[in-house]
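First chain written, first letter: the chains are A, B, C, D, E and F, and each begins at residue 1.
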């Protein structure tokens, strides 16, 4: 089927925040993972999801111990990547047969895994690169039609929603507006977690439609099925400069 | 120097219980790891230590979540191995230049790493095999002169020391006596953690002098420096059958 | 087809004794291998066979020379594994297109190979582990519905059939009964070859229905097709303890 | 010697512009490469050089063809990396025995190669990452004492020296000043080639002393030997915020 | 579908001269590659093409610089192989979804890639082996029904067509006649590029029908579709000795 | 020591006939291997030996069975290579600490292994290439000063010594004379085993002094120590054409 290229599903890359793996209570944790697994199997009838998982709390724990033992920073990145792969493995297990059984470790392995038509789950790939940036690179490489960045907030705001009750959520932003927000000192700290400049530059060069939204099974599902509605999260729009 | 084979140090394989990586308080954890690192650097003036680390609490957490998500058992073994390698990496960082920089992932890599003359730190190697059994296999492959199994108890007892206040610690046991104890139903549960039957069979086939002792920097150091004294832990003695 | 998970065949892991590769006469040897290949293609209409081959005589020859040259035991295990992979390769050739073309060398490769839906042929995987134990680990990892251990005897007996003419073949044994037999000194030597304690422990933890039978194309075929009949070999039954 | 950690030379990472591999005339090209090789052997008496080579013209040619054939951008990064490794190989050949014979392809291989004490030559490592950023990551990982970025200009200017005859070369810049210059739209295009924001962020997190200078054998040699003089290129200074 | 072995297409190995990648003008080069890509997609309806690309001009440039820098010859072979893989990658990009996404680097990877049923594009595989010889080895390994050697001349002549206007093109040659021509000093230089003695010996041992023809999209297409006509190029015929 | 390039020993590549591994009696076999091991350790005081072992009888047995099962020829080459690596492993074991512990599987691994300064033992490397040709490629890549081809005859004769009692052994031959002998039909069969045309072409391009001699510990030792005497075997001389 894939070999004929007919009826191949559109691919969507979803970055899942490491926070869904954070719960230290075993039962609650497996419950959280199971709901994400079910949602991914559901949407796999419509698109081929390719997932990148974050490292979450356990990554931060290992990184903090390693740093205090004198680790260089590049090695900390590698440790974070390894924990994110353990998280990816949990999701592969929860999904079962519909998932590709291996957690790919570089772009070439991601490409071969995506050929299977199954749901692919990766962790981080390269030290020195946020999982956001990695997810966009993967989106480029497998020619995904969309990138969803599922985070711990509802999207990108005009000011910090934690301190400003009147902070307004953007429904759409151009890449340029998004970069401008990144550059503004005050909002940088919070926004940085949502999307970093490397990720934005890759989105820009490949013009990959991107949505930043809260990590939540129904929000993600909605954003996949109704991708033309802009009622959840913030869509980062890639606009071509108007030729004169 | 190594290439001439002159003055090569004796090699000692030490299995370190995952419990030394358990402390969830970052400061206490790095302190524990740092003390083990220092001890290993100290003894590396006398012998070449080759370490196998266990997975500890974080391994048990991942395994428990994975199992409740429906993982097969072989995959749980693999997850445990991956966490033990993260622990190994922490120890490599703490030791610094005196440690081989890579955590080897199979027997061939262990052999090449040991060639460097540096302290080598591995985690688990093979699914379906306890880290004890793996440590003994490594001892065989690199022709180590001794195997130290650093555990959470003082050694092997004639009954469970937790329930029997008069339990007596063995100073020496033959392999055959040790196996007999493993076979006795009542003591099995506790003893199993100390040493399993596969590990014992490998010790037997290669006649590797083995000490089971409490994981404690001064006890380990003492057992290395004064290996002919039998005042810490239980020595498992390999005796040849007397020919008639 | 596999990607939808519909109509996927049950998987059966079969450990084939190295003895089927023993014949030193080229013609007789290829004839023996060809009959096994044909049988495997036949049963692949009903189940997906995943095979683990032993090393046989040539493995024993290399191991014996290597030991007399001073090899450590772990290296002997590795040599045995490499010969078993050569045997696996012969079987891949004999089966042709219906076989996965690569002999997988670790559990991850076995998992990816099994995804193809083809007959998968492996040799040993890990030093320090019998091919029986490896076969059961593979059965766990690929969620096989059954494990068949094809050996050089008809199954498990209550005493040694070579010395006791009245030895009785068990039709069914529980894991516990099987372990008890392993523990009985007298029968151990012979039984050991059939199934070892590590293999039994893996069977127990994953509750994989297991049959020990004579390696013989018609017996194997019969045991696959009529897996609910207990008229060939010994079925090792995994019984859940009755809750009170 | 390395195993004792005594007398280990300081390590310096040097990013070499791909332009030194550009000359299409074979004789001139080998002459250019040979002069760099000689300089590296010379400075290897003082420091251990670890080199990252760029892709240059041939990389740009392959990338341009691949892009016009419809390649995704991530694949273009990979192609650029592969050409940079061919350039690295030429430098290994020119240096001969004093160079590590393999061109390492990831951070772990770089670390093991650096253990040899020889001159290490890498190309790019990760797609989505400039060779500058990769060079700084390597500097982190191998705990280099300095990073030299050898480019096609004399250093960082306050305005574009190509258009403004009065452009002034900075002798020292803080990371913060450097980032400010990157943010200034007008100077961005030219400066981008010198150093990108990811590279700067890695320099900042690991506080690696960095010099941007013109790629020229005598300038590089001077900057290594007289690293406390600030008479060639621009030194990017990492200043700790003054605690109040 | 492949897993059942039904309806599998015949495989044809085509060696493509590096010269189709030679054009230094980006536009003309991508145009040349695109026409080959389109032809391969066309014939993939009839057969499964497996391609081996040569290194061409850029390979020769790198090799010439490396040789003048003192490279050993085996390393030059490796450099040539790496450039041929870059060319292969361009062709993979131009073909798109119908091509296997990875450029295989050894015979095992080729075999697994061919299992996908897609068009497979490799470069060279082994130092010390011409891409012709490699292509024939691949043809053996994947049981290809034909080998097409697309070169820079129309086929094999009885004398050098560049100097003898009356040189006659052979329509058919036996392996033995072909070897005889290779042995004749005068014609050797030119013929050597067409087919070397190692390639011929592999053709002979596996009796692979082989056509030497000019690299030209319509000629290649014609030779695939009308493989029983002998109106383009020279067919090397494998004749069995007549038994007496 | 190696890192300074001072006092590095000359390297000599020796191809050992698979026949020294042929003896089916375990005791005689280990005795034969042990004598070769001792000789190699002896000469390693003078030169660094890099060995390539053949496959011998067991390779021929596996190849013959695989061929009768329908294997393609390239796969037979791979099987032969794998058996030659098992033989190499036996030699590594017999040599012990003075040998590099890994059997390298490609030219890059050979190069890294040779860096260790130890005795390196490889088997075959590439399908479609004789172990002779592989040995010469290795000689090129590691810049060996000599190649010794230890065979089952005393050297190259002017006619078949098995049938012609007056056959004369050549003490020296030029490459051109050697090729001429290869081309002569009658002597080809026997000579082919000694040295093939690919090996000769590699010897020619890299001008590696080569000796063909009988595989015999004292002959090999003599040829290494007294390499300027021409009293054992046949020296293949690389003469530059005299410029006119």
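Operating definition for what follows: a residue touches a chain if its C-beta (ideal position, glycine included) is under 8 Å from a C-beta of that chain, and two chains touch if they have at least 3 such contacts.
Just so you know, these numbers come straight off a predicted model, no measurement behind them.
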Least step count from chain A to chain F, where 1 means the two chains touch: 2
Rotation in the CA alignment of chain B with chain D, degrees, nearest 5: 120
Chain pair with more C-beta contacts, A-D versus D-F: A-D
Chain centre separation (chain A, chain E; CA means) in Å: 43
Distance between the centres, which are taken as Cα means, of chain E and chain B, whole angstrom: 55
Separation of mean Cα positions, chain E and chain D [Å, integer]: 39
Junction residues of chain C - those touching two or more other chains: 75
Interchain contacts, given as pairs of chains that touch: A-B, A-C, A-D, A-E, B-C, B-D, B-F, C-E, C-F, D-E, D-F, E-F
Chain E residues within the chain D interface of the complex: 24, 26-27, 29-30, 33-34, 37, 58, 61-62, 64-66, 68-71, 75, 79, 82-83, 85-86, 89-90, 93-94, 96
Chain D residues touching chain B - in the complex, by the definition given at the top: 2-3, 5, 8, 108, 111-112, 115
Sites on chain D touched by chain F in the complex: 97-98, 101-102, 116-118
Complex contact set, residues of chain C against chain B: 72-75, 77-78, 107, 125-129, 133-134, 137-138, 140-141, 143, 183, 197-198, 202, 205-206
